[in-house]
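Read the structure below first, then the notes.
In order of appearance the chains are A, B, C and D, and numbering begins at 1 in each one.
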């Protein structure tokens, strides 16, 4: 058991603090013979990189990933892959005020209470910088998925920021064209205005992210505690600042009747089952149906804000706190690539688990649906 | 790795199908010297037992739990505890229609596709009967918590059914006084009328359950993948039919600003920190704050309904399906004691993990907050 | 993590005490669609059953195994298989003396010191009866291996009892023809005389068992902490009373030179590598070579003897102890089927792990040796 | 599950290949507040470092360890500790011959067959260089043990090389005074002569190492698959080239009678049980007795030798092989600090497990032996 690892067969352990010399991920269980290089991982890290626009922290980190092991002559060898990202911009002096005071809504006080010692610089281990390691590991997962289950496509985007949801039609081709990864240019403009105002006032705001995996073969997952949705819920909830996770209909399932919720089943022209709707979010009984796997998660607002809040010091004295420094007004923005990375890791993990317990090629279902020829 | 186990140090493995000879749970890692007997566990099982009113399945199961190992002369010995519940009411003939047809919204099709074989009788392993084993294991967890951390109190109740939320003030003393475990007699009446109508029409409906753990000591949890909220999200999402999980503010955190979300901190009269609010749901950075731990989860409507739905057979032919038999019109009702059991297991697990890594007595925090005497 | 489980993907958890109502094993991760019934498991349990001759305990237990879950219409379903063996012969009164006194060489004192409570009846959890559950689980593993890797054959036999090793040539066809599972009828006679004398004097003796797996495909195992030999060492050392484990040359490897130890490699007529010798015991770098996998383990003598030994009571007073009751004069005899069961579980586990990480059919190696056709 | 991790609560994952940029260990679950710095770890690494005398490989590696995370202001924080050792002496050109040919007795062929790709440079992941990471992790474990259980002392030494055992009395003070860590100066001289001869002839030889842990509190371990001896067997067998592991009497237990093997129990003057002998090697029923924990393991001879051996190439052609390059004539020598490190990790792991499940201070037994005052 490791408290900093996730995954069953594709097992990722992250390590490192915000202001230590480096952080990274140890990836164990990766299949051999997969083409992987640093540039492929860097592509995803660049998507998460801070300082790219005025809506993310102005901390300047190249977030350059190095592969220290497990890859030989451009291919994975089946041995552990060590991914390291050096911390280059460690302006520790910015964080002087939080050495003694606990930021409301932040892990400062719980780390202190649990461990009796904490690396207060930039939030230490509780910093969202830890998610850079996840994105790097997710890059490995994507490369393996591309080799083993080529049709799978994973896409994350924001669907809400504060009170604002997406307006108008969704245009998925627009996701990479705006700082919010929102599939709607008009929405992006509205959100930019809104967030600009918040940022200038020193405030922050929450967000909701949706991640969709298309082309996931039927049959992935395992009842009853390694369900695909169980593992996705854990994966997303483990991301910094996440307070809720939904699959398919999600919390709104409480409002549906059985008649409404039943995704009716038909035979498709390709001889595979098709469904009239996807309330299930692509998962029934913890196992994928072949439909899109749809997950949403809510990210709370950054707790480091320029607004004055009441708190206490380590010695128990009442105090006011304003957190200066370089913080994201909406940390949810950078959670998009992190959510995608977690989705990739979980799906790959279940592909490997499926091969292990069930055998056969990915994408084949063991129980055939449809006429038996003979 | 086990796909049917949960927990790190307090490790529960459930087994059994709806219509096999028995089902149960293997509980490993239980501390020794704890008073446990079958009557203590039966108390919780009776709460979940079917057939108690017209809103739950009319299947008549005594759900009598037997302790087969790990308890000697009324006390746990530290060795594995085997809990067995015989299946006495196995009317397999009721389920003839679903041998060939897949119920929309049910795990029928995914189990078939994954395994190529499934115990179709009563849903087999995917049946909600599996949760009886969880409730029994949760009874063990509660007994241990009572011994190690006596102040902890775990309470579950429904907060929504279909479109209906709780109306009026909450009165926690009323939870056990109505079939919905809802803390409001008036609400219970409204809900009874609503559900009666649905039941008679052969339909079903979803629900939302809230589980609160009071008196949880600060410092439980472990970054970054064995967070208290990560483990709670996995535990709740693994329950049959659950589609979403929230901690504290939950999905609504997306709508808050940082100023609103910050639970301000003060010193309480007892020398412990107190908070102005609990948007965090008692967890910051994956570690408990000492506030109430608050979890909500949404349960989708039962998929076995008397309404006609379109589906296919195993051989791929189009078919209509009506599921007769004895089913819950709102399976969320019986999920209340299951949610409580999962909360108990997760909290105990983290108590043991905390003792292991950090040491010291439960309820002591390692990092003191407040004036140092000397 | 479970302290009573072993295996990665094929995961076995045993439970139960010597004189409780029952004991058993929960088997998780078993592939679906494998033919399994109680009679198949009973075959192996009968081999281990006590009271079959004068060299094993006279306790009369039918050791009848029941399958409570995970098997439907004669085939595994991929869900957890619960195996239960009722304890029918619980003559607790025999064990009165050991309630207060600790038997030298027995787990009495350590269980007491660790847990502060112990089920003293028949050794409780530390009894060799626990191994019945392993043999049942091993029966499942054998059935799966037969389906997935039909050429694998696992055979255990005794190679030493006290000072006596095997004399003369080994005749493997004789293993089932004598109470020692020794591949030599003459040796069996010598051993019978020797053990008879010991038994009558109320003494006991140790033994050494060898287990060989033939037909194991090359490529099973995983560096560096899930090596095939690492897992075999753990599996065998976890058996009651085992004090040493060897692979291939074993402890004698300390005496060899590199020149002697190098198993030279040639191409066989079937296009697979062959080796001039098998000092390696079929494992190099933790991965199977395709040769026979050879494991030996030493079992210490039964500690419950009729000889007077000095000990202390729970209250610390000096005392003499003679253990009456029905005990094996050489518990090593009944360890033979247990060793076979553990070998079966470990090999199956690594077959599944290999499928998971590497893919492909069992018996295929990913890296081909030999001329490439084209 | 990770194939490159060991430990339950104190969890070590090693990564890296012989000739990659670096190797290291991720240590998860370390208690907070423990003084650790690089110099403390370097002390143990220097003991294992190659090139210190003519009996170990002449590869010149400083083996300088860096702590990249988990330690703040000289103390552990409870978060993952990343230990990195750069590979500075990567003379890849030495290894040209083994790109195509498999060394007999080496993992070359099995890695190739399993993965279809291998980093042949210096043995890649199968190189004994991996053990440097274990020694670094063991340094952390020792520091924690010193803080939590100050009386524990772990000492490893060689007891056999080829046909030569220790002659004369053992003088533990001499262990650090000779290249073999043998507790006898005379023996060291004999061994030096013997090994010099072998080395000059281009041959290598096996060895046997004993590791003793003194002062281990009673009660550590956990039946039945996380036994202290089970975990020690796995830990030692996972070390490169190890072929056998013994606890206490070990393989020789097969030769003892029950009367001989029974370590009789008496009350010591300090109110703790004492034993007349230690055939058990400090472990009964998988749980420590309070006596010295004694483990031995056999290391096979280095397979890279200057003697000509028959082998095949990847394309299946017969070939002769002589392995030039810088190799240890007796790799067992450098296994001594590795065995100590594994012992430290296992004992610490069980200290933490014990605290978790049982509670209380280390060294306290829960079940008291001796008169109850009051």
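Throughout what follows, a contact is a pair of C-beta atoms (placed from the backbone, for glycine too) under 8 Å apart; a residue touches a chain by one contact, two chains touch by 3 or more.
This is a predicted model, so every value here is computed, not measured.
Enquirer: Starting from the defined contact criterion, work out which chains touch chain A and chain D both, please.
Expert: Chains that touch both chain A and chain D, as defined above, are B, C.
Enquirer: Have a look at A-C versus B-C and report the one with more C-beta pairs in contact.
Expert: Of the two interfaces, B-C and A-C, more C-beta pairs touch across B-C.
Enquirer: So the centre of each chain is just the mean of its C-alpha atoms; given that, what is the distance between chain C and chain D in Å?
Expert: Their C-alpha centroids are separated by 25 Å.
Enquirer: Per the centroid of Cα atoms for each chain, what is the distance between chain A and chain C, given in Å?
Expert: 44
Enquirer: If you average the CA atoms of chain B and of chain C, how many Å lie between those two points?
Expert: Once rounded, the distance between the two centres reads 38 Å.
Enquirer: Would you please write down the residue numbers of chain D that are in contact with two or more other chains?
Expert: 1-5, 8-9, 14, 29, 32-33, 78-79, 114-118, 125, 223, 353, 357-358, 366
Enquirer: State the interface residues of chain A toward chain C in the complex, per the touch definition above.
Expert: Residue list for chain A touching chain C: 1, 9, 29-33, 78-79, 148, 223, 352-353, 355-359, 366.
Enquirer: Over in the complex, which chain D residues touch chain A? Could you list them?
Expert: 1-5, 8-9, 11, 13-17, 20-24, 26, 28-29, 32-33, 66, 68-70, 72-73, 75-82, 84, 114-119, 124-125
Enquirer: Quick check on the complex: what are the chain D residues that touch chain C?
Expert: 1-6, 8-9, 14, 102-107, 109-118, 125-126, 130, 160-163, 198, 203-208, 218-227, 229-234, 236-238, 240, 243-267, 271, 273, 276, 279-281, 283-290, 296, 298-305, 307, 309-312, 314-318, 332, 353-354, 357-358, 365-372
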